[in-house]
Amino acid sequence: MWYQFNLFTIDLIALLGIYIIINFSLRLQMGYTGIANFGLVLAFTGGAYVVGWLPVRLGMWIFHIDSGLGSDMIWNNTLIVSQINSCLQGQILTALTIFIITLVAAAFVGVVLGLASGYPAARLRGDYLAISLLALGEILAIIGGNYDPLVGGPLGVQVPDVWAWTGDVRFTVVSIVNLLVALGVWVYMHFLEKSPIGRTLRAVRDNRDAASSLGKDVTRIRLKVMVVGAMLCSIAGALYAFYTTGVVTSAYGMFDWTFLPWVMVVFGGAGSNWGVVVGTLMFITVRKLIIFYKYSFAFLPFDPIWLQYLLMGVVVLLILIFRPSGLVPERVSYALSKSRVVKIANKILSEK
Amino acid sequence: MLRISNLNAGYGNAQVLYDIDLECKLGEVVTVIGPNGSGKTTLLNSIFGLADIFSGTVTFDGISLSDLPSHKIVGTRLGYLRQEGNIFETLSVEENLKMGGVSIKKKEVKKRMGEVLSLMPVVKPFLSRKASTLSGGERHLLAIALVLMSRPKLVMLDEPTAGLAPIAIKQIIKTVDRLKDEGISLIIVEQNLKDVLKLSDRSYLVVSGRNTFVGSPDKLLERSDLKMYLGLD
Amino acid sequence: MMATLVDAITFSSFLSMMGFGLTLVRRTTGVWNVAQAGLVSIGAYVTLTLVSFVGGSPYLYLPLAFLIGAGVGAILFLVAINPLRKASSIILLVATIAFNLILISIINIYADYLQNVFGILSKSFLLTRLDFKIFGRPAISTISVSTLLIFTIAFYLFLRYTRTGLALRGCIEQPSLAGVVGVSVRSLYLFSWVLAGGSAGLAGGFLPLFFQCNPNIGFYLIALMFCVSILGGVGEIYGPFLGGWLVGFVQIFGTTLLASTLGPWVILYKGLFPMVILVLTLLFVPQGLSGIDWRAKVRILKRKGG
């Protein structure tokens, strides 16, 4: 019982970390700058593909695994990866190096994908932008799912387990790592809120023309935001791939990694950091609970998984109609804290 | 006939009109004048449900218009000639008139079209042309014809001569005169004051959303302090 | 060659039918309706249900598929779109995505139910065996084209010669003026959503006769229908028909052509065609092909030549 609960919570925390990163990326793009990014899956998948491609080759190079096992990355993938994994046993530094390098590579790929999709798209208005990003995400999925040399096409690839050295507490460690990264992103978002850049972004969202007339290059700003957003998503994708130690295109569908984040952010509130966290937490918990208790619903003549999607659709509609700003609405942000404003006021008054 | 009392109206959160009173009796011609942005169009819009009424009443022939949905108002025999967006550009002239007749019974549309065309024969030669190909003056005439299709007892005209050449203005004024002769009550919002002054029975001056003066045009011209609003030299 | 042509015709007719509803509601209410995909799936399952329980030819049930699609379209408008009429286009888009999610969940639940309780193969079905032949070819091609033709002509006549059609055209151009002359704009909006839902249901009714259907086909169709609508352009009535035929022919002939020259692996990537077309269209011709002022272009060309 305790064991089951443990697994449940650990998996929940791992997913929570990943989704929080994605959702903050969405908050940055949609909540701050008004960019409706329906192609989050693009960068997310990109980051995962890096993990499917790079660590194996790094591992082969570091451990001098030769073509005695067969040099084809894909067909001999399982063999190669298990060899790498046994080499990685106890090699903490090597494992972490591979992890860090891959993560940086994933971030880089995210930037590239962000540029590629953002450059033309940053000029499109709202719903057209959304559709074009959706299409781009689909393009990557079709290529990745069919082009074997990339990530094994429909069968996918395994990923060397860079956390194998942790032994029994592997899942706990990875979950905590995910959470820590998510926390880092949260801290970043927190400081963004008070910063001049944050205000600029919101100005662009609220009134493009006014911001433009004040000298802000709107298109460039939108592009930058999309690049940062994509980078966040690709890091999340990389973390997810490392967590599941496998990359199969079918696990990276637009439903799980674009629509669900939207649902969570709309629900929690795109205008607030706390809203994102609360929304994500609630949704992931409910989702996992439904999956967990799936068998209690066995009396139903259908797979109860679908109930969660039904629930999601209904919840989103209700939120949009009755509480469109989400659970936690956007707060008016002040450039200076109240105490500083009071201090300044006192100073001016005393000078009179 | 049309009575507005204590009207406070605007758009969303922005209030434009403050405590407006206005009346137009049967057969009267009433003018509403005032500088740009004073709320004249908002006044006409609120009568027709195109602006939000915060408080106050608008009644026409005893019917409270604020209770009716926008598309039912024309059925009370009230017509509205808007300043912009008053004809269907993508439809032909004849189709425009048919659209104007949407609120009357189907079998009577043809007959009514004949009546309107006899009132405004200028429009006849254009029947099959697309409305977007008409000149400025022709468009305004079409717009008036459109409004007339619904057999209104009272027509509200929002700056019917705005942006027109003098010849076209003359045509419009002539048409408006004819409407008056037909017994249709009129509320005219204008900036071209001199043209409409001779027509009107009573004038309302609206400045910054408030009713600043009401009385006969002669009385209005006597007030030197209000002259600056009238655009006269 | 002939078979490919026939396939292309069938596919294009289906696409045009599906794109019609999407374009219609976009033109009238300004909303991109993602749930159109779910509505099409509903049509497919209506056909499956009736053919399984009542039997007979799937063609018999097309009118019912239309009606049910129309009904759901009405519900969609009344529940999700009308309450949000003052919201931004993104919020409306998200609302249609949410509604689509609900539709596809219900379809999946229903498909499970059919399978588990009645043993009907509802998770993957193809009803071509129930088709009959016309001129030696599956009837689906002839019937889908004819239905499309009849539908198009009927709709054109409706718009041009009826009072409601005229009101709809006026409404599309200037809803506020239409309201002023006495048109109930909301009723017309409801009408267009009903018609869109109906045409989607109808298109879905055809689907199992030439395409392998599954409960999640609604997700697959989203991208395709956007491609059709946007490529064709929403500014003119013939937009979706133009888009449907272009996308359909490019998809089928393009795949066949490339596969014969480059190899069969091309077939795996056939989903790329509409996606790439979509992105290119959005970047370079967002108003669609029907939105290009061809007359102006001809004039410019003439001037350059002369």
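Order of writing sets the labels: A, B and C. Residues in every chain begin at 1.
The rule we apply is simple: contacts are C-beta pairs under 8 Å (C-beta built on N, C-alpha and C of every residue); 3 or more make two chains touch, one makes a residue touch a chain.
Note that the structure is predicted; figures quoted are calculated from it, not measured.
Novice: By CA centroids, point me to the most central chain in this structure.
Specialist: Looking at where each chain's C-alpha mean falls, the closest to the middle is C.
Novice: Farthest from subunit B by Cα centre, which chain is it? Let me know.
Specialist: That would be chain A.
Novice: In angstrom, rounded to a whole number, how far apart do the mean CA points of subunit B and subunit C lie?
Specialist: Using C-alpha averages as centres, the distance is 43 Å.
Novice: Roughly how far is subunit A from subunit B, going centre to centre by Cα mean, in whole Å?
Specialist: Computed value for the inter-centroid distance: 57 Å.
Novice: Any idea how many Å lie between the Cα centroids of subunit A and subunit C?
Specialist: So the centre of subunit A lies 33 Å away from the centre of subunit C.
Novice: For subunit B, which residues count as touching subunit C in their complex?
Specialist: 48-50, 69-75, 80, 82, 85-91, 95, 98-100, 102-103, 106, 146, 149-150
Novice: Which residues of subunit A touch subunit C in their complex?
Specialist: 36, 120, 124, 126-128, 130-132, 134-136, 138-139, 142-143, 146, 254-255, 259, 262-263, 266, 301-303, 306-307, 309-310, 312-314, 316-317, 320-321, 324
Novice: Along subunit C, where are the residues that touch subunit B in the complex?
Specialist: 163, 166-167, 169-170, 173-174, 176-185
Novice: For subunit C, which residues count as touching subunit A in their complex?
Specialist: 32, 79-80, 83-84, 87-91, 93-95, 97-102, 104-106, 108-110, 112-113, 116-117, 219, 222-223, 226-227, 230, 265, 268-269, 271-272, 275-276, 278-279, 282-283, 286
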